[in-house]
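Below are the C-alpha cells for one structure; questions will follow.
Just so it is clear, A, B, C and D label the chains in written order, and each chain counts residues from 1 on its own.
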Amino acid sequence: MTAIPNRIGSIDQDVFKQLESEVRSYCRSFDTVFAKAKGARLWDKKGREYIDFFAGAGALNYGHNNERIRSRIVDYMMNDGITHSLDMATEAKERFLLTFQHKILKPRGLSYKLMFPGPTGTNSVESALKIARKVTGRTNVIAFTNAFHGMSLGSLAATGNAYKRGGAGVSLSGTTFLPYDGYMGPLFDTSLLMEKMLNDAGSGVDKPAAVIVETMQGEGGLNAASAKWLQRLESLCREHEMLLIVDDVQMGCGRTGTFFSFEEAGIRPDIVCLSKSIGGYGLPMALTLIKPEYDIWNPGEHNGTFRGNNLGFVAATEAIAFWEDGTLELRIKEHSFSIRKFLERTAARYGGKIKEVRGKGMIQGLVFNNPDDAGQLCRKAFERGVIMETSGSRDEVAKLMPPLTIEKELLAEGMAKLEASLSEMYDFAEQKEPVGIHP
Amino acid sequence: MTAIPNRIGSIDQDVFKQLESEVRSYCRSFDTVFAKAKGARLWDKKGREYIDFFAGAGALNYGHNNERIRSRIVDYMMNDGITHSLDMATEAKERFLLTFQHKILKPRGLSYKLMFPGPTGTNSVESALKIARKVTGRTNVIAFTNAFHGMSLGSLAATGNAYKRGGAGVSLSGTTFLPYDGYMGPLFDTSLLMEKMLNDAGSGVDKPAAVIVETMQGEGGLNAASAKWLQRLESLCREHEMLLIVDDVQMGCGRTGTFFSFEEAGIRPDIVCLSKSIGGYGLPMALTLIKPEYDIWNPGEHNGTFRGNNLGFVAATEAIAFWEDGTLELRIKEHSFSIRKFLERTAARYGGKIKEVRGKGMIQGLVFNNPDDAGQLCRKAFERGVIMETSGSRDEVAKLMPPLTIEKELLAEGMAKLEASLSEMYDFAEQKEPVGIHP
Amino acid sequence: MTAIPNRIGSIDQDVFKQLESEVRSYCRSFDTVFAKAKGARLWDKKGREYIDFFAGAGALNYGHNNERIRSRIVDYMMNDGITHSLDMATEAKERFLLTFQHKILKPRGLSYKLMFPGPTGTNSVESALKIARKVTGRTNVIAFTNAFHGMSLGSLAATGNAYKRGGAGVSLSGTTFLPYDGYMGPLFDTSLLMEKMLNDAGSGVDKPAAVIVETMQGEGGLNAASAKWLQRLESLCREHEMLLIVDDVQMGCGRTGTFFSFEEAGIRPDIVCLSKSIGGYGLPMALTLIKPEYDIWNPGEHNGTFRGNNLGFVAATEAIAFWEDGTLELRIKEHSFSIRKFLERTAARYGGKIKEVRGKGMIQGLVFNNPDDAGQLCRKAFERGVIMETSGSRDEVAKLMPPLTIEKELLAEGMAKLEASLSEMYDFAEQKEPVGIHP
Amino acid sequence: MTAIPNRIGSIDQDVFKQLESEVRSYCRSFDTVFAKAKGARLWDKKGREYIDFFAGAGALNYGHNNERIRSRIVDYMMNDGITHSLDMATEAKERFLLTFQHKILKPRGLSYKLMFPGPTGTNSVESALKIARKVTGRTNVIAFTNAFHGMSLGSLAATGNAYKRGGAGVSLSGTTFLPYDGYMGPLFDTSLLMEKMLNDAGSGVDKPAAVIVETMQGEGGLNAASAKWLQRLESLCREHEMLLIVDDVQMGCGRTGTFFSFEEAGIRPDIVCLSKSIGGYGLPMALTLIKPEYDIWNPGEHNGTFRGNNLGFVAATEAIAFWEDGTLELRIKEHSFSIRKFLERTAARYGGKIKEVRGKGMIQGLVFNNPDDAGQLCRKAFERGVIMETSGSRDEVAKLMPPLTIEKELLAEGMAKLEASLSEMYDFAEQKEPVGIHP
C-alpha cells in the first residue's frame, strides 16, 4: 500500500489542484486551506483567523460548531443513535417532526405535511415541482428572471442563470420565465404582465402547474420582492389554480429576519422548500412542506438514500430552540439595522462607484456600477481576513451574510475591514492616480 | 410556545402518519420506531432487536456506528473541525483526496479527478450526464432496461421504472433505453442490438454522449452483467466516442466484492458515480470520478450547497482504511459464499415457488415466481427480527444485503430466520392444504 | 361494386357529417355546400350567391378562378407540362424563379435564395426554424403572444393559442413567448422587456436562434406592429446575432398593401415565410426566402413530396404580373380606405358594443366588447350572403378580408350587408326591448 | 421593371444554382431541366426522352398527365369549380367523400372517418400522432429503425435517419425506436423485444399512445414487414391499448399491389395516413383515416390552409375509378412479377456485387454490397434515359418504382437500360481491368 505523501500541514491548495475537478469554485476565491471554525470565525492551517460573512451561503445561520447543537449530536452518536435510516421511522426523526410542528408551524398558524427529499435544496425543489405537476395535471411552471433553484435538471430548468443552464447539455423545458418584481424598474408592475398572459388564451404560456419564487433572490443579486407583489402572485395562483411554491432554501431559517421569509408578506404558500440551515449545524438536510390537501404522493414516488440524515434531525431539533423566544429575531433586527446603516453610509460615500444597497435582514450588499469592483472588494476583504462573496448575474453585488448568531463586535470588526478595503480601492487609488506616472 | 405532546417513547408511528408526507415508504414495511443501532443490529424503542439485512440500501456497508469511524468524527467535531465549507479547501477534504488517491485509485491503476457534487447519488449522476454531454457535444444517453439512477429529472430520465418515471409529471427525454445483458434470455446477446443501432445511421438512435450502466442492477432486480458484455459496452463506447459511465452508487464500496464493482470485468469507465457508503458512516456524500482528459468543467458549472460535507470526508477517510489490507475482501468472499449456498439450497427446496438465485457478493436474493411471495417473505422475516427488502420492477426479488462487516454468526442467525419464514410460508401452508376442505 | 348514393345535388352537409372527421371547422360556420366561384363571389349548389369577405384566409388574394391565371394553368396542362416533380428542375419552376427574382425581389432591393418546402405555410415555418437553428447553433426561438405559425409540432411550438397548443398532446418546447407590440397597452414598449431579457444573462431566456414575427397578427386578432417596434426587433436581432424571421404567410402577397408586409417598416428580415396566395390561384405552394449567407442547407436536409407543385409555379408566375405596375397597389389603397371609413363609422355608431377598429390594408375588422357579438355578426352576414370569419384568442374580432381584386361595387354591397346585419343585431334589438314585456 | 433574362430554353440548371436554395436535392442527381411528361415518360427542354422509374417517389402512381383525370380537372376549372375552400363543404369534396367511402372503404370492409390535414404526408402523420395522443392521454410513440414519416418536427421525431434528424436543430423526443421486422436477421423476431419491453414496467419505455409503422419501408431501404409481424404488432396494440398507425403515404394507393398496403396482412389499423398518389395527378393532398370511435377531435383542433385542395379531390375521385374493377391490380401483379424476375436474374449474375433483391409490388430494388454502386447505377441509368433513385440509410439500394400504369414495353425497355448500365459497370470494367496499365 502506497504511503500518503505528507501534504497535510502545508497551506497551499496543491492537492486540490492536482486531485479535485476543475469544477471547484469557492476555493479559488479563498486561496487557503481551512482547518477550524467556531461561531463566525474560521482559521486556516497556519492559524490565520477569518471573519465569516458568507455563512456557507446560508447553511450556517447558527454559526460553526455551535456548542449546544454539537453536544446533542455527539451524545446521540455516542449513544449509538441511528445515523442513517432511509425513511424508516426513528426517534430522532419523530422528535424533529414534533418539534417542527409545535415550535415552528403551529405558532405561525401554518399547516403542512413534511416531506424529506434528498438532503439538498435542489432535491426539495425537484420534489416540489413533481407534486405540483401531479396535483394539477399540468406541466408548465412559472419561474422568474434571475431565479436560482438548483442544479439538477428539474430545478435547473427553473434557474435563470445562462452559465448554469448552459451546463445542462440539453434543452431545459417546462418553465416560463417572467420578470421578477422590479425587473422593469419601479414604474412597471411586472405582475400585470403575468396576469395578462395567464388570462389570455393566446399568450403562448401554457397553463402553469405552479409559480416558484424566492421572496428575495440571493444568487440573483439580492432582489427583494415587495409584500404587495407576493400577495398578487398568491392571488393569481388562487385564481388560476396554480400552486404557489416558495423556495426558501437560502432565505428561510431566519436569514431575512423571520423563520420563513414569507411571513412578513402574510402569504400562505402551497409548498415551501427548505434546506441549508434547516440541518442546524451545516449538515445536509432538506424539507418540502406541502399543504395537507396536496400531499397526494404515492409511497416512494420520490425518494433518495439520504432522505433520513438523522444527525441532521438531531441538530435541527436543537437549532429550532433558537426560535422559542424572541431573542434571535431581536438580534437579527439589530444586526440588520447596523449592516444597513453601514452599507448606506458606504454607498453615500462612494456614490459614483456604488449603485445601490440591496437586500434585507442579514443578507444585504452593495451593487457596484462596475461589476469587477464587487469581486475586487471580496478579494481585498479576504486579504484582511473577511470571507464574503458576490452574487448577481454579472457578479455585481458584494454581499454580507454572516451567521445570524454573530457577535456584535465581530460584525463591527468585519464591517470595519470592508470599509478599509473600499478605502484602499477608491480613496487610495484616487489619491495615487494623479501621482503615478503610468503609460 | 406550545409544549410538545409527549409522544416520544411510544413505539407506534402515529406521529409519522400525522405529520410526515404520504411519500414515506420504507417505514410502512417496517412498522416500528427505531432507536439505536450497532454494527448489523438495530433496536427499536421497546428494545426489540433486529438483524440488518438491508444496510441502508448500501449506505451502511461498514455497519452502524462503527467505532473506529465514530471516534474520528467525534474527535474532529470536538476539535472545532469544519463541518460545512461549500467547496472551500479544508484539511478534512485534503486528507480525503490524498487517501482516496493513494489507497483506492493508485493501487488499482486508475486515474480520475474527483468531483464533489451534492451529497447524493442522483447528484453524482446528474453531474456525470452533464459533463458527458459537454465533452461530446451530444445530448442522447443510452441507459438500460430496469436501470435505476435517481429521482431528480436528469437522472430519472435514465431510470427505467414506470412508477418512478410517472412521478416526474413531465416527459422525460434525452435517453434511449436498450436491453440490459440477459434481457432477452441467454441466447440473445443484447449488445449486438446496441452495436447495430449505433452503426446504422437510420436507427433513430441519436449518437449518444454516453452509456450509463450499473454493473449489477440493484433496484432493477439483481441483474448482473457479464464481464464480456461490459467489455463489449466499453469497446462500443471507444468506437463511437461515447463516454462510459458506471453508476456504482449501490454496487461500489465493496458491495460486490471489490471496492469498485467493475474491477473484475477489467474495464476502465470514463466516469464513475459513487455515493451511499462512500460517506463511511451513513453520512451524505457523493463523488463523481472523471478521467482527467474529460475534466473540462468550468468553475462552478455544477455545484451544490452540501458538496463539502466534511464529516463525510472524515468518516470516508477512515472507512478507506478497511481497504488497506485484504481482510475485508476476504470476509466478503466468505460471506458471499455462505449466502450463495444458503440461497441455492433454499431455491432447490422450494423449486416450484422460487425461480432462481440472483446477484453476487453481498447482494444476493431469491426471485419468486409469484411476486407477492417476495413481499411476504420480507414481512415474515421482519416479524422474526430481520430487516430486508424486495427489488425488481414487480418487487419479485427478496434480497439480502447485510453490512459487509457483519459477524459470521449474525449472518447465519439472520439466514436461519429467513429459512423459518419460508418454511412457515410454504411447508406449513403445504401441510395444511391437504387437510383443508376447499371448494 | 356498390353504387354511390346520389347525394350530389342536395345542399345539406349530411355527407360531411357522416364521412368527414369531427375536426372540420369552417364548414360548420357556413352551412351549405359550395359549387362554383368567380372573383369575389361564390355560389352554393342551389345557386345562392355569396360575397367572399374571407378569401380563403388569404389564399385567394387574386380571387376565385382568375381567368388570366386559369388560362395559363390549363394551357400548361393541356400541353403535358409537368405537374409533379419533387424538386427536379422544370421549366415551370425556372420561369417562376426568374419572375420572382426580377419582378419581386430586385425591384425591392431584396436578396434571397428561394427554398421550396412542402406546399403549406407550416412547412415554410418549420424550414425557417430549422435553418435558423442550424445557422446559429442555438435552439431557443422568440415568438410572440397571440402568434399563429402553423399546426405541425415545430410551428405549433411558436403558436400562442392554447386550444391549438393543447392539440399537440405533448409538451411544446424550444420557444419563449414575449409580449407583442402593444400587448401591455400603448404606454409600455414591449421591446424593452425583450431587450432587457436578452441583455441579462440571468433572465432564463436562452440565447435565441431567431425571432419569429408576423408584422400583423391575423389569427391573433388583427394586432399590427408599429414600424418602430419592428425596427427595434431587427436591431435587437443584429445585436444578439439572432435571425429575424417574418412569417408573411397571411399578410404577404399584398394583403396589407405591399407585396411583402414588412416593406413599409423598411426592415430586412433574414428569412421570410410565404404561402397562401403565392400559389396564385388557391393552389398549395410555399416559399422560404433565405438571405444567401444563411443558405447553408445540405442537400435534402429538409424536403417533402410536394415541394414542387408545378401548377402552383405556373399560377404564381402569372399572378406576379399583378405587381408589375402600380394598379393593384392603388386598388388596395382605395379599398383599404373605404373599408376603414366604413368600420370607423360603424364603430362610432355602436360605440358601446364595439371596442375598436383594428388591422390595415385589406384585412381589417371590428373588435367587439362581447366576443359573442363577433360570431353573431358573421352568422347574420352569412344569412345575408356574406362570408366572413372571426379571429382573436376569444374570437372577439369580426374581420373583413376580401380578395384584393374585388370590384368596388361588390365591396360596397358586402359592407352594406354587414351594416344591415349590425343594425338587426343592435338597432332592432334596442328598439324592441322597450316594447317587450320581459320578466 | 427589369426584364427577365432570357434563360428559358437553355437546358442547364444555372438559374436553379443561382436562385434556389442549396437544399435542393433530386435536381442534383438529374442534371437537366424537364419540360413535359406523359404516362411514364418525361422529356427535357432539348426534347430528350426519359423513362420514369421514380414516379414522384410514389406521387405519380397513375402516371403523368393521365388524360381521364386531366379532362375532369380542366372541365372543373373551366366550369368555375371551387379551387380553394379551406375546409368549407364543396361539391368536389362531397363527391370524393362518397367515392372513397363506396369504392375504397366499403368493398374492403373498412370503416374510417376521413380527415383532411394539410396536403402533405407529414401533415397527415402529425395529425395521426396528435389524435393518438389525445385518445390515449399518453405521449410516447413507438417508431421503427429506418422509418421515414416526414420532416416537420412531430413526424421527424418518428423518422430514423440521422441526417434528417440532425436538421431539426433541436432534440427530438416523444418516440421510442425499436427494431423493425428482420432488423437483427431472420432468427430474431424483433416483436419479442417490443412485447417484453411493453410488459416490463421497468423497461424505461413509457406506455405508448401508438405504434407507427410502414408495412414496407421505402426510404429506409425497401424493408418489408411480414404479415405475421404486422399481426403481432396489431395484437400488441390491442393488448396495451395503443393505436396502430399505418403510414401508407408511399406504399398506399396500390404501390405494393393492393390499394392499402396492409390488406394482405389482414390487419385493421386504427389510423391510416395517405398522401402522394391520393391526389391522383401529382396534386398535393393528404388524408388521415381514423376509426370512428377515435374521431374525438374538437373542431379545428388541427387545421391548415390547403386542407381542401379541390383540384386534388376532383383528380382523386377520378383516380379511384382505376380501382373499380381488377384491371389495375392485375397489371401491377404482372409488372411486379417481371420486375422480380429481372432483378433476381441480375442479382444472380452479379452475385459478388449485389447482396439481395428487396421490396415487393412495384417498388423493388437491388441492394449493393458497396453502397456507391447503387448511386453509380442510377447515374448510368440516367445517362441512358432512365430516372431512378437510391434509398436506405447508406443509399445502398437502387430502386425501381415506375408508375403503376406503365406500359409493358416501356417497363421492359427501362429494365434493358438498367441491364446495360450494370453491364457497363461490371462486365466492361472487369474486362478492361486486366488490360489497363494502371500505376
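Basically, a residue touches a chain if its C-beta (ideal position, glycine included) is under 8 Å from a C-beta of that chain, and two chains touch if they have at least 3 such contacts.
The model shown is predicted, which means the values in this text are computed figures rather than measured ones.
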Pair with more cross-chain C-beta pairs in contact, given A-C and B-C: A-C
Furthest chain, CA centroid comparison against chain B: C
Inter-centroid spacing, chain C versus chain A (mean Cα positions, whole Å): 50
Whole-Å gap between the CA centroids of chain A and chain B: 30
Centroid distance [mean C-alpha coordinates] between chain C and chain B, Å: 58
Multi-chain contact residues (two or more partners), chain C: 139, 163, 170-171, 173-174
Sites on chain A touched by chain B in the complex: 1-5, 7-8, 13, 15-16, 19-28, 30, 32-38, 42, 45, 56-60, 64-65, 70, 73-74, 77-91, 93-95, 97-103, 106-107, 113-116, 118-123, 126-127, 129-130, 132-134, 139, 150-155, 157, 163-164, 166-171, 173-174, 209, 249, 275-276, 281-284, 288, 290, 295-306, 309, 311, 324-325
Of chain C, residues touching chain A in the complex: 139-140, 143-147, 158-163, 165, 171-177, 179, 183-184, 188, 192-193, 196-197, 200-207, 220-221, 392-394
Residue numbers on chain C that touch chain B, as the complex places them: 170-171
